[in-house]
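Just below is one structure, and these are the notes that go with it.
In this document, chain identifiers A, B, C and D correspond to the written order of the chains, with residue numbering beginning at 1 in each.
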Amino acid sequence: MKTSISKAIGQALHEEMVRDENVFILGEDMGVMGNVFGITRGFRDEFGAKRVIDTPISESGFTGIAVGAAMRGLRPVVEWMYDDFITVCLDPVMNQAAKLRYMTGGQITIPVVFRAPIGAGRRNAGQHSQCLEALFTHIPGLKVVCPSTAADAKGLLKAAIRDDDPVVFLEHKLLYAKQEEIPDGEYIIPLGKADVKRPGKDVTIITWSRQVYFALEAAQTLAAEGIDAEVLDLRTLVPLDWDAVRESVCKTHNVVIVEEGVKRGGVGAELSAQITEDLFDELDAPVGRVAGMNVVSPFSPVLEDAEFPHPEDIVAGVKKTLGR
Amino acid sequence: MKTSISKAIGQALHEEMVRDENVFILGEDMGVMGNVFGITRGFRDEFGAKRVIDTPISESGFTGIAVGAAMRGLRPVVEWMYDDFITVCLDPVMNQAAKLRYMTGGQITIPVVFRAPIGAGRRNAGQHSQCLEALFTHIPGLKVVCPSTAADAKGLLKAAIRDDDPVVFLEHKLLYAKQEEIPDGEYIIPLGKADVKRPGKDVTIITWSRQVYFALEAAQTLAAEGIDAEVLDLRTLVPLDWDAVRESVCKTHNVVIVEEGVKRGGVGAELSAQITEDLFDELDAPVGRVAGMNVVSPFSPVLEDAEFPHPEDIVAGVKKTLGR
Amino acid sequence: MKKGAEKCDAQWYLEAYTRMVRIRDFETKAADCFTKSELAGNIHLYMGEEASGVGTCLALKDTDYITSTHRGHGHCIAKGAKTDKMMAELFGKETGYCKGRGGSMHIVDVQKGILGANGIVAGGIALAAGSAMASQYKGEDSVTVAFFGDAASNQGVFHETVNMAATWKLPIVFLIENNQYGVSTEIHRVTNTDTMAVRAQAYNIPGVTVDGTDVEVVYHAVSEAVARARKGDGPSIVETMVYRYQGHYCGDPAVYRPKEYLAEGKSKDPIDKAKKKMLKMGIKESEIDAIDAKIAQEIEGAYQFAKNSPDPDPAAVIDYMYSSDNERSVLR
Amino acid sequence: MKKGAEKCDAQWYLEAYTRMVRIRDFETKAADCFTKSELAGNIHLYMGEEASGVGTCLALKDTDYITSTHRGHGHCIAKGAKTDKMMAELFGKETGYCKGRGGSMHIVDVQKGILGANGIVAGGIALAAGSAMASQYKGEDSVTVAFFGDAASNQGVFHETVNMAATWKLPIVFLIENNQYGVSTEIHRVTNTDTMAVRAQAYNIPGVTVDGTDVEVVYHAVSEAVARARKGDGPSIVETMVYRYQGHYCGDPAVYRPKEYLAEGKSKDPIDKAKKKMLKMGIKESEIDAIDAKIAQEIEGAYQFAKNSPDPDPAAVIDYMYSSDNERSVLR
């Protein structure tokens, strides 16, 4: 059956809440409104206000509350209305949730999930358009998930909720409405497994989230020009599926990393560095990056479209790497 | 004359406050106490409580206040007691100061400096030992400075205060007490200029802040083994002195980046990616990285010392890159 | 209606009315453009709350400052922003206030003392206090008003900032526009007091709650707070009770809210209320109609200006990031 | 000394005294070790504030919870933490509570309901409310106390958390230990009210300020707040007025503070005060001396245990980062 990603995410939350009464959700406008994207519509009537909590606009406080509740064995799923608002609630994530297991010598586990929409393209300007996955991957103690499909979003969110570590789960706003097939019945997709979205032999395009679709579009264009691109959807950024990366690189010997977020210090930088360090001799060309510019996301549609990668930018990036 | 880095920083603040009455400083315990490291001792008596402001423990509020004051033409120098506390005040930095110039089409300039001590090695555990420069370099709109010497700290801080953009100025705690020569009289070191701390022909060690000293120590050890390492102190991370990087890489053809902070998504990843992308043909070996582990900074001295790079780790890293 | 009340004469009301109608018409047009997909992104409409912004800004001088919110059109127009440059900004055009870089949520006009709308809830509060500190620091007698919503007052930075402003006696007014909702969330579901102004007690400063649909009432309450701030006696909280006619954003059907809310709001419409008062004061209906016509023309002109203005040049996407060393700081 | 007062009999006082002396002796020893460089890092001493932690924890059951601060030794000992494992943690040893990973500022003993000291000022407040929410969620009648300092109550998260706790009637007590200083900064220089407890008015919850040098006074105030929380009536603020004998951290000469502060504090020493009361109640001096001796021995044992314990294995530096997939999540 075809389902939108937002519905798939709703299904994951629903199934896990039915399965485990320790799972509850909290955030702004999740209850009565059912989330600004409609993801939890109807949940409050079904599960009650105790398990579907409308919070005040107090991200630091309610994120901390979720972390504290997780320390006591509950399994909260926190929602930030946009990932951009991590700026007002980084402490409970970075200095508390991510660190407390280690700092207590394993005495405390913190099974919390932080969900947030990410991404540009909706003309929401600089404070509502960021892809901040690089910020999270730089924080030891967090796992970071960036699904691209409805099926993955569902299976990965269920895995994230069952995981005993804090997981940041980032959903691209412009994928929410995408209608896609998802498997019937219950299933889980384990964290840390990449997915080859398109096999190819000439170049590996490594990407995640919305850029997977742009990469596939680019691959089609490239195919017409005789370039056979493999598209690897990482799905999870921490833990990273290094085996999948290595396997693909050793096959194609050319790599382009595609990322919507800011290039400087992006996830692509880390991937490029690792691939270069460990697979140097496999590379026919330097690892290429196609990423968002080092600027604030502009409001103007023409500027915004110039700021982050589109399929034609990926095509150009691949050609550059292949010297064509 | 020999001066400690903390004194050199104090001198820069003092000279700029004398020069420009729009410069003022604020933060926790800067006034009556004169800063927990003694940097601003005596300032309150000299400049008054108006220009040397003891704030409550309200980082988000006072950082935002500084940004607002800068919007009105003042030149605040904010101090966070440790960079780790950026978790409670990221919004005024990332969503306001860094973005407002761009988002207002250049109508607003924000000449603010954010100073903070960084670094491990003092057995202060996970919430007081981080090197978070990578977080800041990933935020477009900020300039980022990480001095290693007393002379640089002074000259760069003066440049930072006179700069019209928001500048994050990160001072390593374990360098504060270091006594070093500094030039007489007034001088400025422009942002964005690296410094070759030791010329060499076999390998370039790129680093900044405290690791400069460890790299120099490593270079000495390496020299005894016949390896002539060049040590490049970046001093400023944004803007980056790419010319200096390129020049050195084109000379030595081997690069090791050394960084105290967390490796995954560190500044070294970005540097490695850029060098690989643009100077691939110059490289005899993959760019190496020696960096902090992807873990929380541990309290135990033996663990902490295992966690971040020491000279012997740099020696080992260089040898690995050179295949020796 | 104590001291200052005498100021609200016909002249005053004509100005207040003009500004409120300008806001209403600007937004009516913007909403229309949005619905027709002439505008991209998102707009948050101030409709219904006009008396709050206008009453407040009439209590300010040109040399005073404001900070605003995601729902900022009304505050900016009330403080004197030009509707053509605003509309052009909503259209993302190079002629807009922010050269198309900011959009609806980020209008700024420093000349007019408008330090900026803000996409971060409560994001402007500390900036406003910084502006107030700058006034104090420079020895100017200017005052800054921080506009924000009921729900914004649950952010930590509200607490931090009010505490510092109270302690340092900063010349600032915290203007809480209480439309009872943060998006869908009724404020009493997420707070434990009857008013937000009561929080002033935690900082030992004055806090009042007033009818935000009556421009004159707002004017007097804010005038008092401004006078106090200007004298050096420090901040106050003024809470205006208002109604948000539209959903949270343009297009939000607001199904989460009882019908009575809107009916009640409309029955207290600030523009109607002002008009009635003006007629009672003896102002001629024709004079009022003339204002309406003038504003309608202005807004149509603003729309034409916006529509016919050029988009920014995509090649200039990195401009305005840094004020010095821009290219180098952006490119690597 | 209203209801509950009868509970503070000789038995009660012997226990209160024991815990206070245990804290004092533990810290005296730790300070000594620190001065001799046997301890690395930094320690923040609770000396002088013992009655606050002990009076509070005596009002709690074993099944109740606390969160603590950078100045956490006293809270942890008061709630039942073992001094040997604590001392070993201060020494960074594998036998410490946190296997040497956390150190002085991060003692945790989940079994005892100690959810953790915290290096981030106010960092524990929301965690405590989360614990309280968990109790409410699970239908347990346990209560959580969030300990924090006067200065911590200026953090935004204090405001956010108290508001939610009040609204949701969480079973929590906000225990502000007002030693009048945040590091060097006298609290009245950075706030605008006489007490911190007055902030309770902003959330419509009870707030009291009590003498924190009298263990019995603290006990009664907290007992009332705990009873209220346990009944489901929601949170309270209890502010205990205390004295920090040492500087901010061990070794800080505290020159920023008038001499009178310490003299005043010492004149109200909580342990002396309790001892006087005990003697007056008819407890024999020898019985008290026996406690002193027993604790001295315990602390010496804790010291020996710590000193003779092994360091963590450097090869295990990545252990405990993640509870699943640890190696893969750390290595790349």
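Quick note on the criterion: contacts are C-beta pairs under 8 Å (C-beta built on N, C-alpha and C of every residue); 3 or more make two chains touch, one makes a residue touch a chain.
Computed from a predicted model, the values in this text were never measured in an experiment.
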Centroid-based (C-alpha) most distant chain relative to chain B: C
Contact-richer chain pair (by C-beta pairs counted) among A-D and A-C: A-D
Mean-CA-position distance for chain D and chain A (Å): 40
Centre-to-centre distance between chain D and chain B (centres being mean Cα positions), rounded to whole Å: 36
For chain C paired with chain D, centre-to-centre distance based on mean C-alpha positions, whole Å: 45
Multi-partner residues of chain B (at least 2 other chains): 55-56, 58, 60-61, 84, 87-88, 91, 95, 102-103, 125-127, 140-141, 238, 264, 293-296, 298-299
Chain D: positions in contact with at least two other chains: 98, 100-102, 106, 118-120, 123, 154-157, 159-160, 163-164, 167, 189-191, 321, 329-330, 332
Residues on chain D engaged by chain A in the complex (per definition of touch): 65, 67, 96-102, 106, 108-110, 115-116, 118-120, 123, 125-135, 137-138, 156-157, 159-161, 163-164, 167, 319-325, 328-330, 332
Interface residues, chain A side, partner chain C - complex: 28-29, 32-33, 36, 54-61, 84-85, 87-88, 122-128, 264, 293-296, 298-303, 305-307
List of chain B residues in touch with chain A within their complex: 60, 84, 86-88, 90-91, 93-95, 98-99, 102-103, 125-127, 134-135, 137-141, 238, 262, 264-270, 272-273, 276-278, 280, 285-289, 293-296, 298-299
Of all residues in chain D, those that touch chain B in their complex: 40-42, 92-93, 98, 100-103, 105-106, 118-123, 151-152, 154-157, 182-185, 189-191, 256, 311-312, 314-318, 321, 329-332
Chain C partner contacts - residues on chain D that touch it in the complex: 154-160, 163-164, 166-167, 189-193, 198-199, 201-205
